[in-house]
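See below for the structure under consideration.
Note that the chains take the letters A, B and C in the order they are written out, and that residue 1 is the start of every chain.
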Amino acid sequence: MIQGLRYRRFSGVAWFWALSLVIAPLLYVVIISFMSRGAYGGVVWTMTLDNYLRIAEPDNLAILGASLTRSVGLAFVTTLMCVAVGFPLALFLVFRSGRFRQALFFLLIIPFWTNFLIRTYAWMVLLSDNGWINHLLEKIGFGPQALNWLFTPQAVLIGMFYNYLPYMAMSLYVSVEKLDPKLLDAAADLGAGPLKRFFKVIVPLCGPGLAAGSIMVFIPAMGEFVIPDILGGGTSLFIGNLLAQQFLVVRHWPYGAALSVVLMVLVGVCIALFEKYGNGSKEDLLA
Amino acid sequence: MKRLLEGLGVFLIYGFLFLPMVVLVTLSFNKAPRGITWEGFTLDWYSKLLNDQGILDALNNSLEIAFWTTVLSSLIGVAVGITKVRVPGWRGLGISKLASLPILLPEIVQGLSLLCFFVLFAIPLGKFTVVISHASFGSAYVATLVRARLKAMDPLLEEAAADLGAHERAVFIKITLPQLWPAVISGALMVFTLSFDDFIVSFFTAGVGATTLPLKIYSMLKFGVTPEVNALSALILVVSLLLVTVAFWHQRTKVAEGA
Amino acid sequence: MLQVIGVSKKFGQKTALNSIDLNVSHGEFVSILGPSGCGKTTLLRILAGLEKPDSGKLILDEKDITQVSAHHRDVHTVFQRYALFPHMNIFDNVAFGLRCSRVAEPEVKRRVDEMLELANLSGQGKRTVTSLSGGEQQRVALIRALVNMPKLLLLDEPLGALDLKLRLQLQQELVAIQRRVKTTFVFVTHDQQEALNMSDRVAVMNKAKIVQLGTPLEIYEFPKCLFVANFVGNINRMDGKLRQDDAGRWVCDVESLGTYFVEPTEENKVAGQPGALCVRSEKLSLFSRKPSTVDNVAEGSIRALTYLGTHTQFDLTLKNGTGIQVFQQNTQKTAKKVFQAGDKVFVGWHTAQSHYFTGNQLQ
């Protein structure tokens, strides 16, 4: 690097952005979680621990616990499903698809480029009681309206899986692509069977991709509230719905802020875990 | 046999991915206003769509917001990316850590924290706040690409330019910036799509005056679906398909040229 | 013309340059030769203005340029990886420096065309630099620097990335161009052959210091220390002790091998001091019987021999266990080998062909 070159102006812009648009709003949420609610829903500047104490109340704790469990569970299952399908898919694309590789990869990212509300809506159409899937099932002989999945957890899971699969598949594809096929040949030459090759060579080498993909799926999935809202019919509460409710409907911001602090802490722990066991951050993968 | 199973699996995955798209496009040409039975071909839903002022306004808002978000994010993103790579000490390192937050945090947390923030400063919610909010995460995405490009760039190029008599500013404009262009362009493309598609952050920061297309779609989904939504979806699908194809083709020819 | 006076540089705890002094005169071709990590690249970067020295001075044409930044110096560099700007064609690459100093466009065109001709690239200015071969890239990098008529041109291992044959050809081209433009060249390399081939003078660096500065002949034939002798060419070493014999001549006793005449320098004439007797491989001769025509003889046996075309390399084990190498010119076309592996042989040399190092010359 040239010593004459200084990047003070860039650093100034960067820090202005980071402080005013990234840090300050988050910090402000933390601050108002310690404030009281005003008579008309605003924030009153008196310090209090009430919001956190309120979380600890048995009723609220039960709601929060249930929604957190649901969110984390949903995120976890979604991530697992994405890995289970995305990993073989990435392997196939890189090693087996031959001259169709680019075309298939291209096809993989197309759904990703359409609006996710529309994608989710399409599943609403597909899964509805008179939807295509039920028609198909009826034709095969399952009787009318065999599947009543719309507005059930299954529908939510399908929607989540559908929306998040491309993220996982792409980040796995990128890291499988970097894999030297000679290593697999070498492993096979040394007597490793397909399963051994997968678990002893491919998985460890794709660790960063796996971790990055999991972060990209797990964390947004944890805060997701639109898909459960549309496909789940708003029947069960997820942490995202709980937050949206507090901020937009109940308008108890300090309490909502306290709840989001809980979510932030949870996300922080997850990121730390992923980074620790994935030995690579998302940034490195994208780079 | 094994190959056949593999092929079948991949076919099923792609079928799963494209089934919803096929459904939407088909239904958009279906005469039946409700249900999914085919009652004949029609373009009615498209003409209805084009006469729906609410949707057109939302589209307009979305495009306007995406445009300004892209401009703002590209400018900030370049500065952030350069700071990450080039600024020594805590100034650079701090930005590297902080800039990954908007990518990592769930959107809902960003949306609600920005909402609180705007209310604190009594900034009226509208297009402006949406642009600012989108730029807050958009810049982080541009910065990631700029950083990657800078890291891949040979530092000798800048030194060679300085050695040949170029001043700091000339080095940046004549050497660094042209090298960064591809990253800025793909970053801009990415941010435009992210902003155009964003629902959650807009949901919190838009207020009443700035209904974007996703917000509009959401309200249509919540309060009565009409086949217009199908037509709209099909149109968006076609346009994104065109854009992605162009972008992909552009990238491929670039790669082929070795640039 | 260029004076480097007491230049030092540290990176953290590591000393990269330790009080370097160097004078280069006008139009001279000076090589800085040394192993990687010896500080030669740091020295070059300081000359270019890409690093600032911690202490010391740089004087170019009577002007102190120590504090002058890279883009204000009349010093240009040909970088190791050429650093051609990939988004510009050949012409724009070469014209870059001239345009930076706001030379009028017709003048830019004239001078760039002139340079393209010098590099055998006439009429190819519109080509993209990515389409060039390694040799062509190297020439573009050279004229991109030369077109600005620098007082001093720095070259940072510019031939390192090329294959051997092309490297030899470009070495000659580079020298020819240098003679024509009469610019002062400072050439950094780790390749001793390259340094000896091209330079008027060579500065050998080791551990952040210039250990010897001289013509290629001086460097090769009169190395001032074991490091230079070893780094430039192939040398054999026999450890022993110095003393004066009855006739007052200086000899070196090598334990369980023999006593040999040496010619130590004045300051090395300390009796009883341990030292190393060194002889270059090609200056040793092999005999099957003990010769009487040479000053010094050592006894040993052939461990291995390798036929190398121009010469044969003999790996010997001397009587005291020391391993040495002997090169013999293959002057005759003969299939018959005079010596076989396992043969007992005698190695002979004249006293004037040997070197004697002691004290810190051994480091």
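Just so we're on the same page, a contact is a pair of C-beta atoms (placed from the backbone, for glycine too) under 8 Å apart; a residue touches a chain by one contact, two chains touch by 3 or more.
Everything numeric here is computed off the predicted structure, so don't read it as measured data.
Here the chain pair with the top count of touching C-beta pairs is A-B. Taking the mean of C-alpha positions as each chain's centre, the chain lying farthest from the centre of subunit B is C. Centroid to centroid, with C-alpha atoms defining each point, subunit B and subunit C lie 56 Å apart. Measuring from the averaged C-alpha position of subunit A to that of subunit B gives a distance of 17 Å. With each centre defined as the average position of its C-alpha atoms, the distance from subunit A to subunit C rounds to 60 Å. Those residues of subunit C in touch with two or more other chains are numbered 50, 69-71. Subunit B has residues 159, 162 in contact with two or more other chains. Within subunit A, the positions touching two or more other chains are listed as 2, 4. Remark: subunit A residues 1-2, 4-7, 9-15, 17-18, 21-26, 28-29, 32, 85, 88-89, 92, 96-97, 102, 104, 106-111, 113-119, 121-126, 130-132, 135, 162, 165-166, 215, 219-220, 222-226, 230, 240, 243-244, 247-248, 253, 256-257, 260, 263-264, 267, 271, 281-283, 286-287 touch subunit B in the complex. Of all residues in subunit B, those touching subunit C in their complex are 154, 156-157, 159-167, 170, 174-175, 178-179, 258-259. Contact residues of subunit B toward subunit A in the complex are 3, 6, 9-10, 13-14, 16-21, 23-24, 27, 35-36, 75-76, 78-80, 82-84, 86-87, 91-92, 94-96, 98-110, 112-117, 120, 132, 135-136, 139-140, 144-145, 147-148, 151, 155, 158-159, 162, 168, 171-172, 193, 196-197, 199-200, 203-204, 213-214, 217-218, 221, 225, 229, 232-233, 236-237, 240-241, 243-245, 248, 252. By the touch rule above, subunit C contacts subunit B in their complex via residues 48-50, 69-72, 75-77, 79-81, 83, 85-87, 96-97, 100-101, 130, 144-145, 148.
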